Amino acid sequence: MDETFKSLVNALLKTSVTDQSFESMTTREKQIHQLLRHRKCPLDGWDESAIELLVNRLALMDSNNFVHNYGLGEREARFASPLVARRHYRLGHGIGRSGDICELQPKAIGSSLLNVLTNSLLLDVIQSVGVANTRACFVVPMATGMSLVLCLLTIRQSRPNAKFVIWPRIDQKSCFKCILTAGFTPVIIDNKILDNNSLETDVEAIEEKIKELGNENIVCILSTTSCFAPRNADNLEIISKLCLQQSIPHLVNNAYGIQSSKCMHLLETSSRVGRIDAFVQSTDKNFMVPVGGSIIAGFDTHFINEISSTYAGRGSSTPSLDLLITLLHLGINGYKTLLKERKDNYNYLKEQMKIIANKFNANVIENKSNQISIAMTLNMFSNSSIKETELGSMLFKRSISGARVVAIDGKTKTIGKYEFKNWGSHTNSYNDSYITAAAAIETQVKKDVSDVYNIYTTQAFYVQIPTDALSKSLAPID
Amino acid sequence: MDETFKSLVNALLKTSVTDQSFESMTTREKQIHQLLRHRKCPLDGWDESAIELLVNRLALMDSNNFVHNYGLGEREARFASPLVARRHYRLGHGIGRSGDICELQPKAIGSSLLNVLTNSLLLDVIQSVGVANTRACFVVPMATGMSLVLCLLTIRQSRPNAKFVIWPRIDQKSCFKCILTAGFTPVIIDNKILDNNSLETDVEAIEEKIKELGNENIVCILSTTSCFAPRNADNLEIISKLCLQQSIPHLVNNAYGIQSSKCMHLLETSSRVGRIDAFVQSTDKNFMVPVGGSIIAGFDTHFINEISSTYAGRGSSTPSLDLLITLLHLGINGYKTLLKERKDNYNYLKEQMKIIANKFNANVIENKSNQISIAMTLNMFSNSSIKETELGSMLFKRSISGARVVAIDGKTKTIGKYEFKNWGSHTNSYNDSYITAAAAIETQVKKDVSDVYNIYTTQAFYVQIPTDALSKSLAPID
Amino acid sequence: MDETFKSLVNALLKTSVTDQSFESMTTREKQIHQLLRHRKCPLDGWDESAIELLVNRLALMDSNNFVHNYGLGEREARFASPLVARRHYRLGHGIGRSGDICELQPKAIGSSLLNVLTNSLLLDVIQSVGVANTRACFVVPMATGMSLVLCLLTIRQSRPNAKFVIWPRIDQKSCFKCILTAGFTPVIIDNKILDNNSLETDVEAIEEKIKELGNENIVCILSTTSCFAPRNADNLEIISKLCLQQSIPHLVNNAYGIQSSKCMHLLETSSRVGRIDAFVQSTDKNFMVPVGGSIIAGFDTHFINEISSTYAGRGSSTPSLDLLITLLHLGINGYKTLLKERKDNYNYLKEQMKIIANKFNANVIENKSNQISIAMTLNMFSNSSIKETELGSMLFKRSISGARVVAIDGKTKTIGKYEFKNWGSHTNSYNDSYITAAAAIETQVKKDVSDVYNIYTTQAFYVQIPTDALSKSLAPID
Amino acid sequence: MDETFKSLVNALLKTSVTDQSFESMTTREKQIHQLLRHRKCPLDGWDESAIELLVNRLALMDSNNFVHNYGLGEREARFASPLVARRHYRLGHGIGRSGDICELQPKAIGSSLLNVLTNSLLLDVIQSVGVANTRACFVVPMATGMSLVLCLLTIRQSRPNAKFVIWPRIDQKSCFKCILTAGFTPVIIDNKILDNNSLETDVEAIEEKIKELGNENIVCILSTTSCFAPRNADNLEIISKLCLQQSIPHLVNNAYGIQSSKCMHLLETSSRVGRIDAFVQSTDKNFMVPVGGSIIAGFDTHFINEISSTYAGRGSSTPSLDLLITLLHLGINGYKTLLKERKDNYNYLKEQMKIIANKFNANVIENKSNQISIAMTLNMFSNSSIKETELGSMLFKRSISGARVVAIDGKTKTIGKYEFKNWGSHTNSYNDSYITAAAAIETQVKKDVSDVYNIYTTQAFYVQIPTDALSKSLAPID
């Protein structure tokens, strides 16, 4: 606490009952000191006063907010609109320099500090919720797909002649597109269908492909953890061991896996027995901030730094700021509570889906290493005049978003020059159409799932389908 | 206007003096209709009430802000922190889909509309301030450097065997790095020094290189308009003609060129006589929004669409929202007024620098096609014990940011495997050290430049340098 | 929903998946319609999007926010500071006209609507949580004390010769001062001490005074419900009956009584058997908004209107806006939940205090008609070298605010020309010193009370006092 | 600057280019120190960063924003709605204590500081813009009318037997109502019509009344400065002298007079030669903040303190906060610039009105001591089928607010038991109907007046009236 300020206040108010006020302000200063000193996500969340105290201070440290500043450059973080200035807390310089997205900007000390702090807190969080072995991470102000492109482009620099990316099929468009965008040739490994109808990495096929192509021609294996059921997370341990043995880089798409202890556990154990060069995750899906950022993390600081210095130019500080605010708001304890709730929600959702499935002789597919998404077969439609595909839009009209109907109809989708049969199902040859739902972080399961499944779906499935009247029954209630 | 609302208000207030209120609200609705109908930047800026009316409405159209919504997906635009939700007006879905950054998101109609509107308004602005021939443009939520990477990666898809990017040297790191990041081989073309000591594209050297490498092996020519003096904008017309003749793609880095009628004119005329595939510009430098976005524009809608569909994944809607707010705030007239002021400022700044230069037998270098940045030689330091390089930090300590000292000391800088002599000067062999200053949009020249140059610099240059006392004189005043 | 807007959006996005968006927007419009139509506090709280939609719309209806407005008056709701404009949602006209705080302002239809709505919703809330018989109420942008002054000044107009205000003693300064400020002579009725040491209205003394002074000379009886223990709420039923019989106006200070079903019940039943002209309550204490407003309510619309038309001039719309936002945020159900929690908290707090009291042979005083504040005697200090009065500041230093120590030391306090013995205790002759604590709405009892009483107080009382080491023990812990 | 913070930042960023940042922050701290030390309105306005730094800090000093606080009282500044908390910067305690609106609240040091600072800055402003002799002032969170009531009630305490308030007629309802509300008997002094048709105080009538009633029976003279033309400010000097001689208190309603150097000059000179007990002004009309506050100022600190201690209870801190923000935003220089512009606007408006008047043989009335409001006679309507009264609503429909038509039709208005002939014209017997317009602070005269008078009015007056087609011509244009 600033002694001059104190004594001026006391003199002005002619009182000394100000001790408590000053003490509280000192406590807030100490919170900031502690944050700067340890760069750990605080155990308990901060109140909004404390968060804004910090963020406003960071803004004041950038040159565009200096009391006196004469800007004669082409980039001085000017704002034309006060609304824009305000929503960015007057932070305008972004993060990084042309050399490196993690570099310090002399003109923007506050933004630079923001960048360092956010990355440090995230490292702490990733280590705390499962991947203790992580050595470095940083926020990239681009979505997951483009961050995977960045990782691939970084690998190219050390493997200029490699062309092939081995890719256990995962039917999410940007996961595949990132390979094409980076200019490489994808080698698609179809998944195996297990007895319980879940899908698993075909490790043998990978091994064979490596032999066939020659490991020096392979850019990397791009594996996936979080995904839609009934696909499991890839068999990360075995792939990692393979990569270690064969000296092939290994990139993991952990898009929304931070929220799942299963995914995090796979990363941690695999990093101990094999090779993972980097794992990439979305900020919005794991930390409930707007779309636009991702986190590249890894077990080797040097390689992670190489990626950050491959990014050409400055970047938006918005994802970093959103994350900093969110992490300070939640604290580690708050975040862990959300993770715990998510797990409970997953169990609850699965139970509910099983109840419905039982009514129709449908199945909820068991997924050992996918603890977020749940698939239920849609056998009941097989003799119905209603198409499975209509179900998705019916649900959407009932304000149920995120449920995904996968109709196994043998159709083909083309991405670039590549064709995929039964796109959406992660394999050419699945048997049953199905619907998926996810218990992602902050899904209001107790509220949403029960509303959705009990009120709408149960009614729809149970009563109407036998009489082919689903569409009618689902007409607006009011 | 909603008649039910009107009659309820009148019934409640027992009055009919409400006509003016309803009329004003109808006028605001009409503003929005007009925007949606014509997708032009309004002539006159909107007030903040109108801007927030629109933005809040966009937010209400996204599914996360529906009155009832059951989100069972892994990505539902949830917010953990109310501070984050608020600063984004509760817009969380970002823009685009995994397939294409310009695609519509059914879950996020408001964000999709935001995206379409911003891109349309920008097209209108670009056409209005000089490049009437432009056919398409879109905002990419990445900095200019990464957007150039994206353009290069897009070109690769149609020229898979081309390796070389011909690059007239421009000493801004990310301009060069983007070639390396994209995995290509840069072919550096040094600039010619004209008689007046300004730098110009060495067109002959380019022609020679094309012959040497073979046009089918060339990815593109990457030329530059806006840059630090004494480099001129590249000779865009000739390069464009060359590209047309030789069927070589042509990418233009127009980083902060929208603000300069010179740069815009070059693009327009070159597009009429030659080939330009895309031109890329920064949002922050041209439109005074925070760092983080760029605009890719071009004369062929098909190619611009290809670039947008090369982007893998969704993106942040922050740059689009900042731009939409800013354009509505300024209006075309407001923006043109700023451009006009910039031009005046440029002239004023140049005059001031000439006055100083005259005092020292230094020179302000004439730059015909660079009307933003101004270079003044620093001959006066040649016999001084003070190094030119100290001047930069002296100015920074006096809160003058953006002025750039380039010391011609023969030193070499390495980027990737490439070495650059006298990095910063755009050529290996410039004669004089110099200082640059820019009259960028919204530079407060009448205030800043006069303060800076009259109070500090003049004093410093005039009085102190002869007596070698610069460092002392510039010591903190108070 | 505006059809033009819909069709423009659909045309622009080339889609019809917009139905859900429009439906949600229509639902929000209907919420507003319903509010205007029924003027009831919604059962369930609105989300912030809906609240801001309404408030922003109200602002747009005021002439200062018209698209075109030419203000040639001396009062046009101009804003000099954008920060001020923003925090008031650009509402500047205040409420009421010089004639009447409830009158409509033609220049400010939105603010007028705000005023009507808030008053209507409050009436609904007051009726719903206990005083169903209420006929009218309005927000006054002045604190409770000044609103009591306003009521008294209104009564003067119909009883120009009356001078005396009969006032059962309640030791809160502004309750007494309002009589002096209004220019009347207070007639202080001391309270009776019951066997259980709680305090009760001395009805006989009141009756006697009426006889003595003559009812035509009495302005009114000013009674009190919510107060600090061990004072009970006044015996409202008997006083009301007396006022009816004697044709004496009756004003009730119900400062923080809306939160207590006990106080509300007293008002309701008394209004049925006797006379209550108006009851006045604080907005901040009952509805958790900033200090600055109060609510004047009554059972006769005509008299309440007279009070509102006695207010001279316009008033701030801030209290009304804060209340509107808060009521929409909570909804009736949300508010009732808080009231329920408060009751639970009261019981919990009382239990905890009894546990402590038992340890010291102190007493928690039973208060039949005071269910907010709780008093515990401080006998344990009688043989201690520590003074009871030090306890208050000790607690404050431990961040316990609101606990109040009343030391019975026979001292006298003077307000105006009036002397009060043992000020704070509501009577001249109480026996024991005591401490009070309140379980007011939103007190975090489960958290605060347990922390406070278990950690600090218990420890302090139990361990230290016998050894006279209280002050030492309470020294800062860290 | 906090050294720990500095060294932690430097350690973390591994740099020392942070000097400029810390220096700027120190400068901002010094701004705050200076404000606390001198309590003067800064010469130049602060930027929003500095204002929010201060306001946020004040909020942190209130106990409801302590890091740890256990509130066991009935009033702890809790917030139920985050929107409400945010718009008040989490300041909830209001200002003052039940004893005195200027007293310090131990629970709310920040709010107390806010209160002291605002009052100090206002005193500085009032002294600086004309009434150097002022000794004390404070903000009351009530409109001007109620503040006049408060002043009258305060005077009653020292003159318990006085009943009459001498009131030179000013036709603004709350100016009259305040006397009735305070419970006094108004003695109405009609104004004299001068040769130039302006109105002036009838000083002789006042003197006579004093003799008739006896000075000991007179509460005060309530005079007025700012008012609608053609009334002049009251003859303050003579009234003040009279009050001094006769020992009669003198209250001045200076509602929007701070903005007029004329009014301020009258107060200053009169205070030097005679008696003024207090002068009261509106905050919204003089400082462009929302309606809701007023400033009571005077030349005797003791009496001003008496008024503040007559206010019963706490008050809203909103007017004080709005004023503090506004004064810091403008600075003395900014405020004086606005005053200067107002004077220019007044001259411009008058000129324009004269041009119109000339066209119709109407008159703009000269008002020596009213330099805000301007009256123009409406003779042109005398032979027209259109009534003058319609003109007002015609103008309002054209979005011209604040112009006031006074039709001399001999009608009578009743306020309380009092009747006023030709209400609005300040006298029973004015000859001509007229229209008034005001050049108040921040009127956009160059824009508004020219639009209004040239486009609409001129057209209306000039073209249409002779042909009796005014109503038609003014029909909506589009």
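Labels for the chains are A, B, C and D, by order of writing; each one numbers its residues from 1.
In this text, a residue touches a chain if its C-beta (ideal position, glycine included) is under 8 Å from a C-beta of that chain, and two chains touch if they have at least 3 such contacts.
Computed from a prediction, not measured in an experiment: that's the story for all the values here.
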Shared touching partners of chain B and chain D are A, C
Least hop count linking chain A to chain C through chains in contact | 1
Farthest chain (mean CA position) relative to chain C | B
Which whole number of Å gives the spacing of the CA centres of chain A and chain B?
-> 30
When the C-alpha atoms of chain A and chain D are each averaged to a single point, how far apart are the two points in Å?
-> 56
By residue number and range, which residues of chain A touch two or more other chains?
-> 20, 52, 63, 66, 68-69, 82, 106, 396, 399
Within their complex, chain A touches chain D through residues 2, 4-5, 8-9, 12-13, 15, 17-18, 20-21, 24-25, 27-29, 31-33, 36-37, 39, 47, 49-50, 52-53, 56-57, 59-63, 65-69, 90, 104, 106, 109-110, 112-113, 116
Contacts from chain A onto chain B in the complex sit at residues 48, 51-52, 63, 66, 68-84, 87-89, 91-95, 97-99, 106-107, 141-146, 148-150, 153, 156-157, 160, 172-174, 177-178, 180-183, 226, 255-256, 282, 284-285, 287-293, 310-319, 322, 325-326, 329-330, 338, 349, 372-373, 396, 399-404, 437-444, 448-449, 451-452
Interfacial residue positions of chain A with respect to chain C in the complex = 19-20, 82, 396-397, 399
